[in-house]
Amino acid sequence: WMCFCKQEFSRFPTKTGRRSLSRSISQSSTDSYSSAASYTDSSDDETSPRDKTQINSKGSSDFCVKNIKQNEFGRREIEIAEQDMSALISLRKRAQSEKPLAGAKIVGCTHITAQTAVLIETLVALGAQCRWTACNIYSTQNEVAAALSETGVAVFAWKGESEDDFWWCIDRCVNTEGWQPNMILDDGGDLTHWVYKKYPNVFKKIRGIVEESVTGVHRLYQLSKAGKLCVPAMNVNDSVTKQKFDNLYCCRESILDGLKRTTDVMFGGKQVVICGYGEVGKGCCAALKALGAIVYVTEIDPICALQACMDGFRVVKLNEVIRQVDIIITCTGNKNVVTRDQLDRMKNGSIVCNMGHSNTEIDVASLRTPELTWERVRSQVDHVIWPDGKRVILLAEGRLLNLSCSTVPTFVLSITATTQALALIELYNAPEGRYKQDVYLLPKKMDEYVASLHLTTFDAHLTELTDDQAKYLGLNKNGPFKPNYYRY
Amino acid sequence: WMCFCKQEFSRFPTKTGRRSLSRSISQSSTDSYSSAASYTDSSDDETSPRDKTQINSKGSSDFCVKNIKQNEFGRREIEIAEQDMSALISLRKRAQSEKPLAGAKIVGCTHITAQTAVLIETLVALGAQCRWTACNIYSTQNEVAAALSETGVAVFAWKGESEDDFWWCIDRCVNTEGWQPNMILDDGGDLTHWVYKKYPNVFKKIRGIVEESVTGVHRLYQLSKAGKLCVPAMNVNDSVTKQKFDNLYCCRESILDGLKRTTDVMFGGKQVVICGYGEVGKGCCAALKALGAIVYVTEIDPICALQACMDGFRVVKLNEVIRQVDIIITCTGNKNVVTRDQLDRMKNGSIVCNMGHSNTEIDVASLRTPELTWERVRSQVDHVIWPDGKRVILLAEGRLLNLSCSTVPTFVLSITATTQALALIELYNAPEGRYKQDVYLLPKKMDEYVASLHLTTFDAHLTELTDDQAKYLGLNKNGPFKPNYYRY
Amino acid sequence: WMCFCKQEFSRFPTKTGRRSLSRSISQSSTDSYSSAASYTDSSDDETSPRDKTQINSKGSSDFCVKNIKQNEFGRREIEIAEQDMSALISLRKRAQSEKPLAGAKIVGCTHITAQTAVLIETLVALGAQCRWTACNIYSTQNEVAAALSETGVAVFAWKGESEDDFWWCIDRCVNTEGWQPNMILDDGGDLTHWVYKKYPNVFKKIRGIVEESVTGVHRLYQLSKAGKLCVPAMNVNDSVTKQKFDNLYCCRESILDGLKRTTDVMFGGKQVVICGYGEVGKGCCAALKALGAIVYVTEIDPICALQACMDGFRVVKLNEVIRQVDIIITCTGNKNVVTRDQLDRMKNGSIVCNMGHSNTEIDVASLRTPELTWERVRSQVDHVIWPDGKRVILLAEGRLLNLSCSTVPTFVLSITATTQALALIELYNAPEGRYKQDVYLLPKKMDEYVASLHLTTFDAHLTELTDDQAKYLGLNKNGPFKPNYYRY
Amino acid sequence: WMCFCKQEFSRFPTKTGRRSLSRSISQSSTDSYSSAASYTDSSDDETSPRDKTQINSKGSSDFCVKNIKQNEFGRREIEIAEQDMSALISLRKRAQSEKPLAGAKIVGCTHITAQTAVLIETLVALGAQCRWTACNIYSTQNEVAAALSETGVAVFAWKGESEDDFWWCIDRCVNTEGWQPNMILDDGGDLTHWVYKKYPNVFKKIRGIVEESVTGVHRLYQLSKAGKLCVPAMNVNDSVTKQKFDNLYCCRESILDGLKRTTDVMFGGKQVVICGYGEVGKGCCAALKALGAIVYVTEIDPICALQACMDGFRVVKLNEVIRQVDIIITCTGNKNVVTRDQLDRMKNGSIVCNMGHSNTEIDVASLRTPELTWERVRSQVDHVIWPDGKRVILLAEGRLLNLSCSTVPTFVLSITATTQALALIELYNAPEGRYKQDVYLLPKKMDEYVASLHLTTFDAHLTELTDDQAKYLGLNKNGPFKPNYYRY
């Protein structure tokens, strides 16, 4: 088995790199669950789960969680999540007549939350066996992990893992007697990385990888480009439905939520500049304009700039408005979009935050100089104070506001989870030859199917083409309805 | 002194009544400050402030607060609040040339917060002497009370007063050797009530009462109607500026905030019914429509109903949509707008909450029956569970969502505080005979002045009439610009 | 009969004044019907109607219209109008059981259009006798006048009257053998003026005047102030429902329509300044913002300015943006809001127009100087060309854009007509003493009734108060629902 | 020269087919210019231009237009159009230093209007020689054709050509002594068709075809698929900028304009169903919602349906709302979207119109039955009357409302014209081998350039990447900025 390549992975995170990655992800996950209910007190028990012997009510001990006894609390959380994930529930109904994942042995590495649990239990209902671990050392909901373990899913995860724990858990998922995975569901690429590195032979049985994150997808494309990808992989990150929800629709709501929870700012009449008019920027602009803010846009791309004009926003350079705006929001994916020089010129009391990616957009490092005083006034809120007394309010230290200071609705997670489930079914059942050793986007028809499963939430009723109309349009009555390049 | 009337006050709150009033107010105040920073730990000191001897750095002990030593923390809170209350700061600048409140002895009873402190210190800067107490037993920010006391304002208030403490504090404000108030600033009417009851002679010196709350204003109108009001009173609650901000503009933002903080619900595509299309309803409708919800309106008044139609909302009876909506929001000021019968027919997972007044709009009492299970899932969030498993999500137990689950922006409080300051100046300086023993609305010109002081926040520039234009319109160049009946 | 007063009327229009008034009104009426269908060719007949002998199919000749034979065409127009005036149709149904206008002899002076015909025939159905004349020398739809005359209403009006004709027609309405009016319905005050001047004794029998126009209402208030008003008068112009529709809702649509029909301008991305943020300005701002324009507001009133801020508009002085805006729209009711100096600084290709009142807002006179060239490019559209080639596009020569260049929907006219009908019923049936010799606003309950009659158009369903709720609110179940000062 | 293929063209329009094509295009063009100024009276001259001898002031007679003497009127129209087409004017400035079209011999077939003239004169300024003819027998502005001919462009076109004239004009453009085209600019494919059919050898010199219309592009793809395309062709119809403007932004405005001009309907409170939520449907929905209509959407594609939900529209089947809606607008590109059965169930007074494509969406043919009466009430407006008196208002007989009843802003035409000019420059200057015998989309970088040239209209200022940022993003500082699959 030759496609594994050390050099390839030499660019993979070192220990330090890994730590920083894990930290940047986990920060957001932790925050995003900060408002979730916490029913059980784990603080009384400092024993590492690795040192405990636990057994579920069925007599199995093939799992490792914080406290198996918390499973009832977790079950309730899962039940509540199920109410907003009807798409997966309707997939389960399929299981009554057919088991499209019968024989599938899925090893998964994702955030372990009530919503993921609904996904995992759907996979099981469709016929799969699952072993699961966490993609983030902070984000595991211990009660949910217990509930899954209680019903027989082999979960290895708890909140507050060390880095050593992290890789130990992954290893326990993959490396088990008499069970070899034939599908991988990954979020971030760490599980895939581990298998490549430690158990390359496992890939001989693997029918496909489903990857959810930008980072993981990027790694897969690099592998593919280098000719090192040895199984088909499905990029679910770039499906239309997921993209629109993760970016446009979700940010439209989370920008308001994030700003309110941290600063209680009134939006009406505020002057705001949004840097970047991509999907995220469009969502932020729409929401703030709708609530009475006066919004300016900066752009590098003239097409997006023209869209901003037609949507009613003045397109400016940041320096033109820096002295007058009350709020700056970065949504570019770029770095140093707001520089120290610009921060120096902001008004007293103005707010600066980031909705783009990672933490590079605002040059936060430049603010960590002796003449400026930092004052932490709330969680995620710092006042940076200039020598003349001017305060600039920095949110989440320049990290992603929507992940740090607001929550992701279950409905959005449902779209992602359903896309993952369908991608697994597609790869598992695809006839030989349909998918090669490459990275694929979800077929449009399946993207449409994900969307259709979510229409019931809105009591929306699709119109069906008549035979005559389908013929006139040259379409199959069941879709796909659009060419691949369609822009939506 | 004859206008005091026992019967009149027999309708005033009894001890029990008072408690319930205090509770309904204090609940909101407490909640509304739940997200504010708390820098000092008061929990270690269980001694009642009444039993302590404290002295400020100037040697005075004419105050009673939790801990005078916390004054520096309070000072910082006040300074932060000052940044968003530039209207009051610009009023202070007047004090450099004239002291419109020189000689004024003001006794005040309001929430004691950083924002109120900015008001009080403005009154002092304008020449007034102030003694202050809290209108609510829970809402006092102890650090702020300490900061005020340190600078010489006689404050009698702390968080967590008993009812006995509450009246003791009021009494200490009014009843002091060698100082008799000549102005009253009240919020709720308790201070006014106490003076009427205990020190009716004080009214001989009082030039006027400024009252802020709906309840207090109502009491004053009753006194006036009964011929028992013995000084002029200014109703600042119904000024245009305050009304629009407290209702339309503030609710437009707080409905989103309240729903998100409690339920993380996604607004896009949700079906929502808003009961009542007054200012509060209009604000809620505008916000939810703007974020992609499908909004229905119920109304009893055909004029408001026609407005709803023209604004793009279907006007329905609640029963027409009860089975399909995801969220019900009451904004009527009425009672039993949502009945048990209707709650029985709501969808699984639907949300019901109140933005109207008090806690009468949803018939919450009807839900406290044995067959229904209540589950508290977060602060302010209850799942009410029907025997068939259906859950309805009830927020704040039917109390005001905006007070319980969101915060009021400082800017809105600034408008109220500025209105109060101007009302005090007007009453204190009015020539004899301008105001009789009656309840007055703020003169339109002063309402306009309050608005103009707040325009700087938005860097808004007013146009001035030329002499010629003023003559053409028959207006004074400095206003008032509209007739009293103008609807805005 | 002494209340008639020559001096009072010395301020009334002289012949010249009248002409200019008539012209300013008629211009708009003519334009507003420019797009209406014209089925009959009147151009072939140049004989004055006053010189013709005509007789309707019932043998009557008590009317004077262009051509009685056109009545069938007019009937069709009336029938089409009836479809959008269901409020009046439902009023007619009342006539089956009661005739609230039985015995009423109404003399009317309004625009004579299909919509007015629906009103007149409703009054007849309710028991009234009617004689009618035109309030404008250009606006009469001849076919409609014929259709009314055919059914027995004594109409004296045609399109293109001379001024002498105008007064002759009024006189023929009032001064007829064996018939004396007991109600007046006026639009502009000319009929009322004529009766005051020529037949003051008629007022002895008059139970009331219903007046619709700003000008006419202004005259009535002047009479009242001077103690010269000798009968009750109802000001229907200022009813809530009519105001909101005539201003906010109607302008929201007509600003777009007027600009498009004249200039085909694209709204998206255009920079627009709206002078004045009253109801008209609010409507214009909302529409243009909604279609992607960037809107600035100028205001003299700080309260309206603050509303503009909260609604998301920058409040500026005109001079701040004059060089950058693409469109200026005046909505102030003031004069010289846009001066020659400012017009000099506008961009090439920019548009200036007026939605306010009369033609004073833009200083059009200042543009009629030799160095500027005027070029009429379309009806209502002039290019004013500066020596350097710069063109400014002036619409409707600064007169009202909405009247000159767009149409008024029948629905809006229905609201006015229904209000007029109810005002007549109220005045005619009011017990003695309810109304004195003064000008009254429509009772709120009737305003609410007008609104309720128009809800069916929108299939809107009102909620009714329960007995318990009505008691709780202290309201009658049938209204009125709001205090008089309610701002809506 | 072998790639020409008779069979291929057997599917091309026969005479009858051509006529119907020409009619469907010309109808719209004629209407779309109905509101343009007409300064000269052509009705007095019935001589065919083909029978006239005309000569321009330079002594040339190589053109054929209605009346060369009208050239001054046409010049003025062109000058006015130039004001809104600054993108082309700035392209001309390039001509001062370089002539990218030097040596180009362009034969063009487009609508001949003031806007096209600005394009043609820009091509000339860039170095090209041009011969031009009309793509539509009705749409030529005679004065503009005269103005172009006067300056030396060989134009063969007039308003009201016969079909024989149409092909004669095309032939005169292509078939001229001593001049052979090396570039084709086509709109509809008729010119290309003629060259293929009559002068296949011409293609030996042709460097490329630029095609603008859906129909023409479709033909080109068919040729390409069949291996019959013998030169590179550029599909400018599907460039991002053009698509967004022609569909989303332009329809957002034209739906309102088209409905108002034809019916004067009030939008507020109206219930509207939009069939299809593609770009056109999205534009219509946004506009109508913004003006207070209540909008329902029908869709066949679940992804678009989900977008409609999130944007706040109820997604229904047409039959669910057919009895309650006031307006139906089709935007699907499909046929029989509104059937006779559904038209039978519409409300009295409801409006039905088409914004989609061609005239197939509403089954208009089904309404031409004896029991229904058609009444033409205005140009483009028919009342279809059922036996019970119910009227349905049909606009433009089901043809495209935006082309028939509203106008296209010059700004939108400028985007198309600039795209055409850049496509010509690109194909003419491309190094051999860059483009093969295939159909190409405009390179993204040029699409971005078109957009950037139009930003000045909005005074929009682009941000430039720093070297450091460009490196971080892996982008060239001058673009292209997005991957080809980017959805905007």
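First chain written, first letter: the chains are A, B, C and D, and each begins at residue 1.
As a working rule, contacts are C-beta pairs under 8 Å (C-beta built on N, C-alpha and C of every residue); 3 or more make two chains touch, one makes a residue touch a chain.
Predicted, not measured: the structure shown is a model, and the values here were computed from it.
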Quiz prompt | Chain at maximum distance from chain A, centres defined as averaged CA atoms | solution = C
Exercise. Report which of A-C and A-B is connected by more C-beta pairs in contact.
Key: A-B
Exercise. Provide the C-alpha centroid distance between chain B and chain C, rounded to the nearest whole angstrom.
Key: 42
Self-check item: Where chain A and chain C are represented by their mean Cα positions, the distance between them in whole Å
Solution: 59
Quiz item: From the C-alpha centre of chain A to that of chain B, how far is it in Å?
Solution: 41
Quiz item: For chain A, what residues touch not just one other chain but two or more?
Solution: 249, 268-269, 291-292, 309-310, 314, 458-459
Quiz item: Which residues of chain A touch chain D in their complex?
Solution: 240-241, 243-245, 249, 279, 298-310, 314-318, 320, 333-336, 360, 447-449, 451-452, 454-455, 458-466, 468-469, 472-473, 479, 481-482, 485, 487-488
Quiz item: Of all residues in chain B, which touch chain A in the complex?
Solution: 35, 37, 80, 83-84, 249-250, 252-253, 256-257, 260-261, 264-269, 271, 287, 290-292, 324, 348-349, 377-378, 391, 406-407, 409-412, 457-459
Practice problem: Provide the residue numbers of chain B that touch chain D in the complex, in ascending order. | Solution: 268-269, 289, 291-294, 309-314
